[in-house]
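For reference, chains read A, B, C and D in written order, and residue numbers begin at 1 within each chain.
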Amino acid sequence: MSYSIAVSGASGYAGGEVLRLLAGHPEVEVGAVTAHSSAGELLGSVQPHLHPLAEKTILETTAENLAGHDVVFLALPHGASGEIAAQLADDVLVIDAAADHRLESAGAWEAFYGSEHQGTWPYGLPELPGQRERLAGARRIAVPGCYPTTILLGLAPAFAAGLVEPTDVVIVAATGTSGAGKSLRPHLLGSETMGGMSPYGVGGIHRHTPEIEQGLGGIAGTEVQISFTPTLAPMARGILATSTARLAEGTTAGQLREAYAARYEAEPFVHLLPEGQWPATKHVVGSNHVTVQLAVDERAGRVIVVSASDNLTKGTAGGAVQSMNIALGLEETTGLNLLGVSP
Amino acid sequence: MSYSIAVSGASGYAGGEVLRLLAGHPEVEVGAVTAHSSAGELLGSVQPHLHPLAEKTILETTAENLAGHDVVFLALPHGASGEIAAQLADDVLVIDAAADHRLESAGAWEAFYGSEHQGTWPYGLPELPGQRERLAGARRIAVPGCYPTTILLGLAPAFAAGLVEPTDVVIVAATGTSGAGKSLRPHLLGSETMGGMSPYGVGGIHRHTPEIEQGLGGIAGTEVQISFTPTLAPMARGILATSTARLAEGTTAGQLREAYAARYEAEPFVHLLPEGQWPATKHVVGSNHVTVQLAVDERAGRVIVVSASDNLTKGTAGGAVQSMNIALGLEETTGLNLLGVSP
Amino acid sequence: MSYSIAVSGASGYAGGEVLRLLAGHPEVEVGAVTAHSSAGELLGSVQPHLHPLAEKTILETTAENLAGHDVVFLALPHGASGEIAAQLADDVLVIDAAADHRLESAGAWEAFYGSEHQGTWPYGLPELPGQRERLAGARRIAVPGCYPTTILLGLAPAFAAGLVEPTDVVIVAATGTSGAGKSLRPHLLGSETMGGMSPYGVGGIHRHTPEIEQGLGGIAGTEVQISFTPTLAPMARGILATSTARLAEGTTAGQLREAYAARYEAEPFVHLLPEGQWPATKHVVGSNHVTVQLAVDERAGRVIVVSASDNLTKGTAGGAVQSMNIALGLEETTGLNLLGVSP
Amino acid sequence: MSYSIAVSGASGYAGGEVLRLLAGHPEVEVGAVTAHSSAGELLGSVQPHLHPLAEKTILETTAENLAGHDVVFLALPHGASGEIAAQLADDVLVIDAAADHRLESAGAWEAFYGSEHQGTWPYGLPELPGQRERLAGARRIAVPGCYPTTILLGLAPAFAAGLVEPTDVVIVAATGTSGAGKSLRPHLLGSETMGGMSPYGVGGIHRHTPEIEQGLGGIAGTEVQISFTPTLAPMARGILATSTARLAEGTTAGQLREAYAARYEAEPFVHLLPEGQWPATKHVVGSNHVTVQLAVDERAGRVIVVSASDNLTKGTAGGAVQSMNIALGLEETTGLNLLGVSP
């Protein structure tokens, strides 16, 4: 049997990546593809790399066009998915790549997104403690943000084991430009981004901040406070996150290494690298894999964890497909056996 | 049943790409992986993106280590494959990614490569006229060069239909740096290649020149002369070839378009784009696909054909796997259903 | 004495580069800077690299604001400069970076630009035969296009000496993305341009085609026909042009080399490289220099010339300043002693 | 009068950048240029962008060849400058771009560099408190490292004013590949660096760590401990440093802003950007300028400072020339009026 799937936001980067993965997924069939400004065009003219789907006509994004499928992917601007989702049947699996249903705190949602909170859905990061159980059979899934995915997978084992202080966490991450989507803003032009780096959202104002704190807090069982600075790097894809935390009293490097090794030993997509080998985004680009490495700085009393992902794959579409597989009862890795395209 | 496959040159870019594809190929199992300078290391330390193969130990490249497999991939420096191949059993499928067995003319080989000609093997470009028949059941296959693959697929329909003059052909192509392999030369450093372009091998001296002329000559049934200028572009992967030829007397744009459409209609990996849409290397990177578009310049009396490929995939490892599938009697596209990683 | 200079289009890439050069020019003072959509903002917020000019307020682009200076640079969209120029006094030196006044043929202008021809101004490429004389004392100057600058300097010596056939000329060039300006179009986003190449304007339809043919025709004293294919490369700045022409009967490599050496020996900004050394855009980026090299392909009967420039410097603003210096009677190289920023 | 200057390490990136700046410096004349492996070649074949110096023959790096000049730049591998400097006359201004004479602590030198300490020279970062006085008339100058330059200029005002805690400082910085020099190592190839990011020297082991701590400690008048993680970004030039520190009790955002504004108001090369505008490396590439911006994260109780520089210009050669100007009694900005080459 094959599941039918509708994909909205099909002309964007997240939607395109969902379609790239679904085109190679053996248990699904792509049904409606929808978008707004390119409705009526052939998918091949907007996403020329999706050869098997090139002849599909893009439909307008409406609940009608999305209905009648087993699974609906929403890759819409933040704030738009609640209304659409409400019109889809309860037994349809709705997977929201936007932020709308990630945060548990209505206050945090309103403070960072400025609109009314739409409720909280199961969080599609299966590697977090207890998360696979919450996703099994779910019919509503919130896809995590690309930074939170990369950073939470980098820090989770240390927080779960209580090996770091929860209130002295500093994170600096670099993202490729596709993280900003296809929006036509001057600072995203190739002329501006190639060959240079710059920060943005500095000072605790980036919208992924409460999401990361919520995730770490859930793992640690206590409130967590982070300083998070994102930067824009001259690459189309990839996130490299450098996350540091003050060591809890008595924590040793060996304890940390053991905690990470134990946590990720059986994970198909998260890899603690051999000692001395550090993550590089190029090794995971195009794949659902995340690589992690850590070092203890004894003098500074901190652990430094570096994690790398592809923001569009594991950070968005791949994580979404992985969660879909779990929710549908399929083998979790189905359709995700892609390796990084390196060099 | 599963075919066992040995891969030499496993630490290089071509070998790494062969392994990336084989790791996702459902009918094969990777056996020995060999290299020279990194023999004894784990594959994961040299090719960190190949997670499922990370624990394999790299063996020294010897006929002994490569023997005992159904298929042997040779990704060795030019001139080294003849000796190894001679020591492998006749019923082993040997696929040579080097140039050694591509050229039919011993004189051309000696002029461009400076060593003794090692003979000619079936040419692994299945889309050329009659080529699938030659590859079916073959036990020795010469993988085409990355430029010839891209350029021949760009020009073949025009030459096969006799629509262009065979002696006024000008080709300028841009390649990503991985085309030069992992060799440690100053001009290949990131500092030198990022943000800039330069030509090399100008004036008819690039080694792919006779291979392209041989290919076009075979299609046209007459001698062909080209002017070929390769350039190095600031990207890791991809070839964009701009190939122009003087129109034969009376050739119309419509005839050309029909010839291309007919030739590539049924091809799984070569795509004539809709009119007005031009190839971009980003749309095929990581995939076995090649895109082609053409325009007639009436004033200049020339057709301009642009074709794009990933030099490591369709240009090397993907083309090799495709030819292997044909030789083994598998479905030609097995293991090659990857789409371009875009953006 | 110091010349006062007004710069329109100050928020764009061409205008920004003009200002970068003028800020270091010892004989001029920047007066009004104008633009349209950013009028009222500080220049430093739009062009943050121009520290000495950061506090200037951008004015609306009007003839009133531009009047009252010794020199006016127009870096406006094509078609807009004629009207402004008509309102500026005859003794003001007006330098137009747009195409409006480059073409001699009203028919070619209308065919390629689709509006009414505004007349022809002295062409700001001083290295062309006789051109310095035409620029001396001029009060209207048309700045050449970036491709024409690079290609004409690459081919001029061969055409001036009659060493090549004028009707079998094939040119393929790669440009950085800044050549397309700051326009907000999806294919110019960093996500789309980084790591890939694509062609555009294929088939003789690029607007620089008649300008190149006009330039070569003027040098050769006969009609010239070219096939010109531009491509977009993953770099912010730089043009690499590969220009090939069929050799005239009897032309030798030695004759060509001599013609180039003689022509460029005394040029301050155009350099015939030592034999065997090829142009690279990185060596000229940020500078007014152009490098040239050539090779004869005996088998194909063609000469291949490669030339490299910075499209914004020698290709636009640097060439403009150089012409301005000549027109004002200053030393031609004043303010242009910048070297390429390499690596 | 014109000072004669010898430059060693002329074939590398630091030496090349020194020569690029000196070629445009009105008060100096380049004398001997020396290197080791390329001795005997013309400078133009190794540094093709240095047109005015192309005909100079590279000499072997010996004290004899460097002697007899007013100024000697040493751009040699770490550990090599002590011996050469000892053979140069005391009244020659020797400027060492290597690390050899930066550290005051012999213990730190031995721990991080593994050889014998060669003594401490005046530190060529004129913007640090009291530093211009130490450089005036100096005849030995140690050029700061590129990371320390960028980070110290980012943090100095906060530490000088006692507005932050000295022992909870976390710094993550990204550098372009030229920071690693021209060394032929696989991870520096274009194929490996383009399109990806990776960290290195993680865990307090990077050699710039003690230099940054020494600098901050000198400013703060107390011991400082940092956590420093460098990363390699896909660009040839540029450093973007994100430096965060815990706020001292009672520190307000206003106090910080005032401290920075006061400190940098009169500096020619260091710019506190207007509020809301963040540093981008592209705006300073090729120039001696450094841009700085800061934000207070109230929830995390930290200040985040971002600073951007060109690692080869202000981070190496430009800082060296600036210090040279001070030592020789020239106007400090002479020869350094270059602006960033943007976009």
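Note that in this section a contact is a pair of C-beta atoms (placed from the backbone, for glycine too) under 8 Å apart; a residue touches a chain by one contact, two chains touch by 3 or more.
All values reported here derive from a predicted model rather than from experimental measurement.
J.: Would you mind naming the chains that touch chain C and likewise touch chain D?
T.: Both-contact set = A, B.
J.: Could you label the chain A-chain B interface same or different, taking same to mean over half of its residue numbers are used by both chains?
T.: Mostly the same residues.
J.: Averaging only over C-alpha atoms, locate the centres of chain A and chain C and give their separation in whole Å.
T.: Centre-to-centre distance between chain A and chain C: 45 Å.
J.: Could you grab the centroid distance between chain B and chain C? Build each centroid from C-alpha atoms only and quote it in angstrom.
T.: Going by mean C-alpha positions, chain B sits 37 Å from chain C.
J.: If I count partner chains per residue in chain D, which residues reach a count of at least 2?
T.: If we look for residues of chain D contacting two or more partner chains, we find 13, 178, 189, 191-192, 194-195, 234-237, 280, 282-283, 285, 343.
J.: Using the touch definition from the top, list the residues of chain A that touch chain B in their complex.
T.: Per the touch definition, chain A meets chain B at residues 13, 16, 20, 23-24, 42, 44-45, 47-52, 178, 194-195, 236-237, 271, 273-274, 277, 280, 282-287, 289, 291, 337-343.
J.: Could you list, by residue number, the parts of chain D that touch chain A in their complex?
T.: 168, 170, 172, 174, 189, 191-192, 194-200, 202-204, 225-227, 229, 231, 233-238, 240, 242, 244, 246, 278-283, 285, 293, 295-300, 302, 304, 306, 308, 343
J.: Mind listing the chain A positions that touch chain C in their complex?
T.: The contact residues of chain A facing chain C are 13, 176-178, 180, 182, 184-186, 188-195, 234-236.
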